[in-house]
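Below, chain A partners chain B and then partners chain C, in two separate complexes.
Take a look at the complex of A and B:
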């Protein structure tokens, strides 16, 4: 399957919900879509294109916005497809994929706690790797592992 | 009877690592389960954003401590793609050599731990004994038995020492003769059969829906192996079969792993033949200076010059001993990866626990979870 095949199959279903389809190394292509139309896209990708196996969900913090990405596998095409949507950093939310692919459950829990993206209508959105009540999102760029200058100053005073 | 939740873990012989399986029981029946992960979370994805590309390899060994090579390979493939590099062919074969010996080592570790859960002590000793032979081989060319740091972005660190292939062939011959013994010890044992047959059933369609991959998926009759479906490194030039079984139960997972070890031996013989006849470089030349040194300095910021490297993204997937692992590396032109994301197969396999545990008895949990082959290091990262 090529990027053209993807846009031909998804274009009529999603209309302006489909932003672009581009080549992406090692996959059938990268589909960029509008976050509001997430569920329609997931259904089309699973039912029409037969990508029945969702492998991975993750998020990237681009500081001015955040990106949610999904990787799905098709047993017929023997290929992966890469899906991604941008969500605003001020209101990072998107519809959960777990109604379409049950395997999204844990991946979305992890993305929620690490990158701070809320998955709406998720069956069980709670902490997975971090302890309950943890308030930070460690994979945001604003979460610093250490401040080298600060450490240096402290070391000098010891 | 009244229902109640019990904790199996974080310290429990069944867990094989630090995690907690909360089980809702009514008498002996399992009504619901809720795995609790995170006890071993080290923030590997976050730390990677603060390291140079070659320094992340150190973390990969610790990602899965029984299959370090598979994770190194996974990361290296996507890092190379993100940085637009190609390794020499000999390095690709060396990586397959690492991967397949690692698969044998990992499956033997699984075998030893799994049968011990069932109360069979002798196979445990045999499994650990034979795994040590594989670790000795690793030590002879990487210097380490578990945390190798052998692969490099653009190739591998060093070539094999003289006499390695003779030694490796001896180990393969030894292992080949041991597999029938393992089968005899397990499949011939009434205890083993009664505790494993028709337990933990998970149909292929459920596996796909819940993201289950690896030996668990192949034990349900689905012939899916990334080494065949989406060949990486030198796998497209090697001759082997995908191990499948159709029981979808604990015994079927045992059969799949045993057959995979036999296939690994078959692959390794071909790889050793190829390596004997094709000397050559193991690290790509014309690497950027900061990647080119075989022993890249660690933490030496002054050595690394600010550069204008083309941006890129890398996505890779490998068939790890536990299943399908994926990595996504984003290179924004800086010295460190902008974002590294890993997909652990065991993470997905455990997330489906409700599907294969509910309805069985409490005493069935150790064999069923044993057959999943849990490695907490890669679940928590």
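Take a look at the complex of A and C:
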């Protein structure tokens, strides 16, 4: 599967929700889409293109905005596809993929606590790796590595 | 007490091919005072004398001075650590109880329930996520109890000291008696730490 195949299949369904499809090494392509149309894209990628397995979800802090990316695997094409959407840093929200791929559940919990991206309509959005009540997003670039004493004071919030 | 009744030996079995069974086993033919009654007699003589000696010693030196060394001796020779592992130090912890190092020589037997333990060996990186569980386990242990911080991570966070998820030293959570350096410490080092703790218990006063 090539990037052209992806844009041919997804273009009619998403319209202007599809921003671009680029070649991405090791995958069928990198699909950039508008965050508002996330659920439509997930359904199209799973049902029309048969990417049945969501391999990972992650987030990147680009300081002026944040990026959510999804890696899905197709058993038929034996290829990955890379989906990514930009969300504003002031309101980092996107629809949860758990309704389409249930394996997104824990990945989105991790992305939520590490990069601070809220996944709407997530069935169980709570901390995965950090204790309940942890108030920081450690993988944001604004988070500084602290001296242990300072971190200890911060952890008293826990 | 009843006087021991003399029991007659059973009749000799017939000699078979020139071999007599009873000849080989002299006890079987002799009537004897049962062993248990001899011990009862000895205890009856010994116990009052021992009680009198101990009472006079306590009256002379004070109870703490006489009983405390006995408790310390028993305690330091039967340290039961909690059988758990947090990270790679737990591999060395496990090896210390294997055939080669055999920590049971020192009476150290890992127990699976904190309520049966008096020693917690924190063997690995303590994260904030596990901190609550560690404190709960420590509080479940009966007094008196001791904590050994095994390895660099438990001592001071180790290479993850500034990480966002790691407790920089388990002494931020529970009082630690002995620190063992190493990444990870060898089983010999762990046994040395236990022997250091035994020295601490030997000096215990209260």
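In the analysis below, the second predicted complex is superposed on the first by the 145 of 158 C-alpha atoms of A that agree within 3 Å, B and C clash if a C-alpha of one lies under 4 Å from a C-alpha of the other, contacts with A are read in each partner's own complex, and residues count from 1 in each chain.
Rule of thumb we're sticking to: a residue touches a chain if its C-beta (ideal position, glycine included) is under 8 Å from a C-beta of that chain, and two chains touch if they have at least 3 such contacts.
Because the structure is a prediction, the values reported are computed rather than measured.
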Touching partner for A:136 - first (chain B), second (chain C), both, neither:
second
In the superposed arrangement, which partner chain does A:52 touch: chain B (first), chain C (second), both, or neither?
first
Spot which of chain B and chain C makes contact with more residues of chain A, would you?
B
Quick check for you: in the superposed arrangement, does A:105 touch first (chain B), second (chain C), both or neither?
first
Thinking of the overlay built on chain A, is A:145 touched by chain B (first), by chain C (second), by both, or by neither?
both
Could you tell me which stretches of chain A are touched by chain B in one complex and by chain C in the other?
129-131, 138, 143, 145
What does chain A use to touch chain B in their complex?
24-27, 52-56, 58, 60-61, 69, 71, 75, 78-80, 82, 101-103, 105-107, 114, 127-131, 138-139, 143, 145
Which chain B residues qualify as touching chain A in the complex?
37-38, 41, 43, 45-47, 50, 81, 208-211, 213, 222, 224, 229-230, 313-317, 324, 326, 328, 330, 338-339, 341, 343, 347-348, 351-352, 380-381
So in the complex, which bits of chain A are touching chain C?
129-131, 134, 136, 138, 143, 145-148, 151-152, 155, 158
Please name which positions on chain C make contact with chain A in the complex.
128-129, 131-132, 157, 161-165, 167-169, 172
